[in-house]
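Step one of this worksheet: look at the structure below.
Letters A, B, C, D, E and F mark the chains as written, and numbering starts fresh at 1 in each.
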């Protein structure tokens, strides 16, 4: 697709949304920004902002009218009580995909490593995890992200709606702890990924690990070649500042999802690598 | 677990629920039956029936008090508009697993082949599908079943709640069309499966194909050995009656989910086998 | 428009909906029937029925996909408490018109004489009422019908959505009281009106009195010529059976809306003809 | 009515509400102020403020107890998504009129020019628009105002509840663009109008154009004589500051409703003057 | 009060409501009947029936307009999950008393022995319980009845709304078990009680035990003299049929509330007579 | 109970909650703090804060997991419209007691003098009021407190859940008017009371007047001995500052509930001492 059709960006008032609004507007995309919260910055040239609730399907369908792509960064961005997650992250996903189907638009879904957070971190020379691994959500948030990816698979299989699911690791201005040496995604790498997605001739149903070029990354093969994206930044630049910042919690350090896996953990023994294994 | 702790059976007023209520009560299980609809039969000896809504979490937690197992057959049992599915099948799953976690109970979840319905049916000598295949839901209903299985995975990984996910094919008194030569699950086979689940020493997180001993089955390896279940009936006995009952819809005949895959189908070309392939 | 595009008929399970479903299907229209209540008849050849709530906007938008026309007979069909009316008759109207705008479809709205029920009945040679008269609703039901007509005007003015507003008098198998000598609309006349609407080359925003060829009619000029409709039946055939059936309530007999005007009436003196006059 | 009975002022925390609270309290009216938002000023002597939601009917009925008049300025004051408008502006109107009926109180309803916004602006010597013109709402907001006026008509016709509908043009401290040379209503003119309404011996069902003594006004005959009000201010004093402030949008400049008519406009050709004309 | 003002009867479609509708209409009272469920009988001469939900405050306030008394038998009539009770029995009570306050009407509230059900049954010559005893609810149902009585006390203390709280024992065509030898209230006794209430010159805030002239009654002094009511029937006539019908549950037999006290009972030891005593 | 089990403190972000969070954390209790509003202070060492809504039963049950006691200070803390009170103060109470029952925890309920506010203040040598007096709520707030105490009684009688109901007078940094010479409860006295409650070997169902050692107190016997609490502060220290601060409203000065009794008061004559007396 080209820049001729508007792009809907949900979650525009969040940290990642604001970065993308600024960067993509600067590149000439006609952006429609939306969020439940007011947009805290000046609305960029060529963009408009409309407040809307992801629970309001008719409003979401209207916002998407005429759009060629939806960058879906809206919804709860951290783990929350179930009742808080279900509206924006479950019902909201349905509205986003219904909108995409009607418009023939493609979707970039801000998925998360927490959809697979109960996989163990690779040790030593162990193989890194590929995107066709089993889902192993570590929280209701992570479960809603797995749900969102499967919603995308359903709309691709049944209606041919293209979608790219970016399993974002940790996207912050810079890494904040030792785990982020593996999971960090720089803002510029994220911006470039979104631009590539918008320009890719064909996406299909694809999954990409949302991490920068980090040597310690937990993650292996994905579909980034399909959109021609390669990260350029690396968490390594921050190693000295963060490598000693460990949680001290063996559960947190064992699993890819980090702190989310340890929150409320009540299992007698670690969950085994094989999701179908019997031991507890 | 033994028969000393009560068993909660949700969806008790549905077709499968009624069969299980009758059969398991006859075997001496102390059943707590529940459904949104009144129980249409005489409540069996040793069982009680309480009307409840899966949306009402506090009520569900109370019903499960003291139970050793939950047989979760409640929720929408066919494809429905999204707003109809989200309450019982999404929120309801959360309530069931919270109840199980609090009670240290195990869960049998009535999942469905529609969680993987967009896999193609095996042709000739092609390999049958194993339970560790990727989810490929064919409907909102199927998507809610994938969600339920992943909810079970989360509760096993984080809290050690054991659960068995039965991907039911087609459970009716007898096969009704040609596809059911592959997918049919007899009521007695289902009953035996539930009883085995209740008696198994260890379940972990397991997935079982819910089909009888059908030569035409689409499905291969699963975790049935863990509970010591083998189906005894076969759809083959009904071949002559149903083998000519075909849908005439190439989408429906191509995919495992049958009619659910064809409902509302709007894709230009069939979805490829590899879920990540690009072609449309 | 032709018969090539489907026609959505809401309120299909009601008395008028059932008549229209039968008659229009017989004429070869591809009907999509919907209602909150199950369809009580066999679904006609070439038609489908889907249960849906007018409050569920995303479901209504889906039902209308690809349709060329919407015959909107859904919602409360009698006066009801305000909270009962507001959902289907106010919110529902919005969903219908949003659907029509998205599809480029035209709308026939089953309006009502109760939108103008507080006009006095003409006496002797007094002029009959034209459709450009002021609204004078006689109930919350009538007010919701005025609202619906104005929703149609807004969508015509702003989006070019064509709509025909049929102010139905009393559509029953036959007249049931003296007032219906003026207001009766036979089922065949209604059916023909709908068919004409579907075939008319151009509708714009139009209003038609929904009454048969009754000599006693209260109503004069309207836009029926635009669709080429003329009623063929007449209430006169039933005069002897009903002309003595009077309400005995002077309010009811004075105003066009009949019984609806008298329900809950608490005014000291009759409302004057001129809606802006001061006297009470 | 006199100052002996309290006056309920809704929307008290808005711009117009605050002006009226200050001015009417200073004239000795016993005011009950209410709004969903806190009152941002010191509550005037002789007034009280209670926070309430127009959706809560029992609360509104209580607030109105013993009142002789309701000045209804509450609800959404700009165009908003439909779901935002329906609660305060549709359901809320019902609660206001039920309260008035029970108390025998009269209502001043802050209607709007947007209820008739799709009438064209008069050119040259063309006749100005009278208040008995057809409604031509330009937005959901304008449609809710037409609804509110018709609610008033229903309550007058059926229950004798007096009401004055003020179709406010643009009420701001001073005109802000060229259109307001026609539509501006000064705060003092609004205040005087409300005071006249409260003192008028008889109101009936009346409609008044809410604009100052502007030579460019779009509007002609109304019922202001009934309350003895004449505006004293004029937008002309601001001509030099604003006459060049034009929108540049031909739709906006053509219709009376200005910017509201152009928002989301998707019609191929301008809407004709005659609301029932066929051309698009 | 006299028969000149209408009487509102809620819960009219229930067993007691139907008896009262029949009997009071026959005595010439102008009844307004209401219920959430349709009225199953022919509406008596001089009565009208309107379906309404006790949750809809504006509707309840309208139904009560002009009434001199409200006989409040609506709401859940047996123990139910909390979420089922809170709407009709808690919110509904508020609507009833607001209606009564506005109309200056008096209220007869169908309270229940379950508001005090955890008092022990008197043994031998032990004193019977007077109405000024402490509340000791035995269920959420009983708790809602205590709440309703206290709502009545609040409205009497603050607004002078008169109310009679009838703590109904067991009102059925005839006694059904041994406990009802104490608690039975015959339909004719109930009817007479309501008629006396309607005719009493002064009620204030009063409480009456709703039981017939049963020698085994648990209950002593109350305010029946205030309305001049004495029961005429007695459960004694049925002794032989029911005296052997005991529950066999020591909790049920110990406390006045009977079966309600035993439902879900999980206390280690019986609750002591003194509500403030420490022993468990 | 000891400090080995966590203590759940609801309403932690309110004035009293903040005092208790600070004081009890300093004494070594493991606190779980919760409120609908964010916690405005630094979370004390050894405590955690989770935002939650008392309406969300499943969330409340989770927060209480493993707790030995609940200090329930959450909900509306002043009189509010009924619809505002019913959620947190009625439904919320149910969730708190269900949580306590499941955990075998004891509850301290922040009740209020407004549950008995329509008792008259004692004059001269008149007896002070004991805690076994009849409830006489003075507001919907006070009614919700009576409801909460009776919920506690039900859970003690039926399930053996221990609870202490503290009828708080006026808990502020210092007395603010003359009435508080009787009703003031100092923050340190409140803190000590809570600590005593947590350490008491046995509580049963108990009620305590929540006032400091004030000579002017309205209140007499209660169950404070059971927890070994005696207040140490006295309002007397502030007499000179506040004894002249009288309301001037005879209703307010007559009844114990003060300002709450006068708000909206519409009784012709004072309510008599005897709650069942007839005079108005």
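Structural remarks
The definition used in the following text is that a residue touches a chain if its C-beta (ideal position, glycine included) is under 8 Å from a C-beta of that chain, and two chains touch if they have at least 3 such contacts.
Bear in mind that the values here come from a model prediction, so they are computed numbers and not experimental data.
Touch-path distance (fewest steps) from subunit B to subunit F is 1. Of all residue numbers used where subunit D meets subunit E, over half belong to both copies. The two sides are thus made of the same residues. Its interface matching that of B-F in over half of the contact pairs by residue number, D-E stands out among A-D, D-E or C-E.
Note: centroid distance subunit A to subunit B, computed from Cα atoms, is 30 Å. Averaged C-alpha coordinates give centres for subunit A and subunit F that are 47 Å from one another. Subunit D has its Cα centroid 59 Å from the Cα centroid of subunit B.
Multi-chain contact residues of subunit B (touching two or more other chains) are listed as 58, 82, 94. Under the contact rule defined at the top, the touching pairs of chains are A-B, A-C, A-D, A-F, B-C, B-E, B-F, C-D, C-E, D-E, D-F, E-F.
Here subunit F touches subunit A in the complex through residues 52, 56, 58-59, going by the rule given at the top. Of all the residues in subunit F, the ones that touch subunit D in their complex are 81-83.
The part of subunit E that touches subunit D in the complex is made up of residues 57-58, 61-62, 65, 94-95, 98, 102.
Residues 82, 86, 90-91, 94, 101, 118, 131-132, 134-140, 142-143, 146-147, 150-151, 153-154, 156-160, 202-207, 223, 226, 261, 264-268, 271, 275-280 of subunit D touch subunit C in their complex.
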